[in-house]
């Protein structure tokens, strides 16, 4: 004793039940098995029986209240006056005795924030329609509650006097919490306070929506961030190995090596020159070839070409001869002479067909005409493209080819310089 | 060492275990005099009698359910399910009952039974007698799944299965019953969860189940002639799976193809490939490929049936592409 | 009701039958309350009203005999010797439950008393029961297995498969069909064509019909059939006419649409198995009303204590979640 009278579980899909009718009044004697109240379910109205004998007391849910399953709504007590004892086992209804101890709250019938809808956990008190201490009938409107649909008027549910208002207008109260007390006698010291002041147990706030799972750390994929064209396609293993060895896969991209990259591509990556800046000195695998042309026949040839064929641009002639010697089809040759650089597009063998190329075009080959300079030898290191330097050497010429191992294979470099030296020695051969 | 057929190996295993443990018995359709249509169990009834080699009516759910009950109460039944395709019929008894009794009872009840059945197409048996359904049962916690790839494994795995206190499903490739392999005369058991490296290699790992092991081995021969060294591994049991050996192999070779005769999609290959992806990711120089039977019901016509299953040439071709760094599918 | 027999020499048996039935009823009342007060996880299925079936049959069995149960399994569990505490613990998913909380109401099993478990699949334990009997035959044991199932389960094909084999091989199994008139929410006559006993007879299995609310009649028949089974004369089939007071499951409260309140009241008031035996015990002078009340109160108290115990008991540790998926295999045999 006292025995809890609870809202029973009514069916698989039901979380709450609406009280349609009380069949016993507070203070009535009940026998075990007596029907106490009727509950509406989605199929029909159901009677709920008393589980023990005694007197019905402590009724806290009135007709029309929607009560969660399992919640205590009344007691069956030894005596009919046992109304003050708080229902056990419910988190939502405060211990009224405790309240009266700590805050001198008057005792009375409890008025709770009713469940107004299936999805509603709290109700916002819009306004109290009765003052503390005022007389009230059960059917009087005691307060207004805002739901997500509209404002609902709630009846007092008990005759008597407003002994305590336990929440203020504008406060949001969890469903099931006690928000007012109605006493049978006029209270000496009616109370009005905020829910924050009270000893009421506030229902736990809705759990904070879980933090979204922290973004999985992007696994390190090697130095791809520096890739010029975004993502690099490479296997997980080659990325890991590149990372471990401090190699940058992006350089393979820059070197024009086709993706996707696999482990065997690391051999290539290792051999790439470290320099990307034309002015920096390359490491290791640079090629430096020289050729000695004993007699400079080109100068005479250039004069002849200008006179006889109207080809007055010496640099263009050089470009044409160089391109032909390189033998890699149509290329753009940058010729630097007297401190100026000119780009030429070379197509085919006809020197007359060498045309000026756009200044911004990317040359494939650089030719430095240093015949009028006082330099006798150059060792500049590999630049970003192969560089052919032409210097005067006595009666002839000193030709220097510099490139990286990746620009030209050894064989190609040798062939190129040999061929060019040959053409510089006997330019007329080119015309054959 | 003597060589015996897979059929003889299974027969020996069961006979030896039945001699050793009087609570072991065999039941299924045509298991007694007929020794099953595949003749695997011939002779058992003469030695052990009809009390322990029991012919059942054609009631798969019924007799598999009875095997569960017999196993729960102290016997060790070996149930013969004539075709792996009939697993669908016994799913409740196998997956709702046998697989779960130990767990649902908090460890108090056990089901030490063996369900012996088969897989494998290219026998012209058409769609409902040619399926390889190991993925269905491997998916269910509480079952163990063994897939012998030769007579040797068939004997060793069967003996372990019979002694295991859990429900074990063993799939034999019905096309291999007459294939011979060296099998020791002395008693031996093959533990579950221990894979076997059939051939060592270092360029690519080929993981094959059941008869796909032979397919992988033939592919490895083809590849060897081209200078590609393939490692061939037989997991032997897919539940439990010897992940460690598979992962170590892939760490060595950095490439893998998983071959199983279940359908290409949602199968054993997907599970193994996925584990390799998870646990050997940074060692992969190529995507892990799955090769299964085509996602079609097994056709009857020989012209069609044979193209639906993985072949050594198909495996070799995929291996070549992976080793050449040519991704099989769009990046 | 059976006429006055040598009541005094079997007084203990009759009293035991009575208390067992009360224990089942009390257990179910408490389980129902646990559900209604939202303390029980999941659902359960009440056996109230059918006590005489479980008790009448199980009193004819030893601990060595086996039973298989159904989703409505608390009655069989208690009748086969289970304790309240471990049962309530299992229903609440606590570690001290019969299945360490891993089975729950629908899979409750008590292996030490030969209960091979409740089964959530209708007909799911028919294979198991028949298999247990097959094992008895193959291994030469003399225990008997009783397969409990409802009238609704006669619609499952596996029943016919296993009855066929049981009959072919004379297996020591008794098929006990608890016909409570309803298959979930549908009347039996709407789901079972023809005669239920004729189904067994078609396989040459001797079939009997008995008033399932008369525990003495059920017990007498069971004793006979169990003895015959042990001699190899099985299998047998019993159809027990009974009634469940609650709905199909505890949440099936609004059921007037398929079952009238008058019908329910009639069975409860006029054919209650506990009330009937009680009356008979008093008539026969085996117990007085007072003594019976005392027994009832004690059982009620035991149940309440067990419920309180179970409510306070601990859940299994989370680390158990992946234990017992596989049984350990004795390495000595491998």
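In this document, chain identifiers A, B and C correspond to the written order of the chains, with residue numbering beginning at 1 in each.
Here, contacts are C-beta pairs under 8 Å (C-beta built on N, C-alpha and C of every residue); 3 or more make two chains touch, one makes a residue touch a chain.
The structure displayed is predicted, hence computed values, not measured ones.
The greatest centre-to-centre gap from chain B, using C-alpha centroids, is found for A. The pair of chains sharing the greatest count of C-beta contacts is B-C.
Of all chains present, the one whose mean CA position sits nearest the global mean of protein CA atoms is B. Each chain gets a centre from the mean of its Cα atoms; for chain A and chain C, those two points are 57 Å apart. Averaging C-alpha coordinates per chain places the centre of chain A 44 Å away from that of chain B. Separation between the centroids of chain B and chain C, computed from CA atoms only, is 41 Å. Across the complex, chain A is touched by residues 33, 35-39, 43, 249-254, 256-257 of chain C.
Residues 22-23, 25, 51-52, 54, 56-57, 59, 61-75, 77, 92-93, 96-97, 101-112, 141-142, 144, 160, 163-166, 189, 191 of chain B are the ones touching chain C in the complex. For chain A in complex with chain B, the touching residues are 233, 235-240, 259-260, 262-264.
Chain A makes touch with chain C in their complex at residues 6, 8-12, 41, 43-44, 46, 51, 69-70. Listing the residues of chain C that touch chain B in their complex gives 66, 68, 97-103, 107, 109, 111, 116-117, 119, 121, 124-139, 141, 145, 157-158, 161-162, 164-165, 168-169, 323-330, 333-334.
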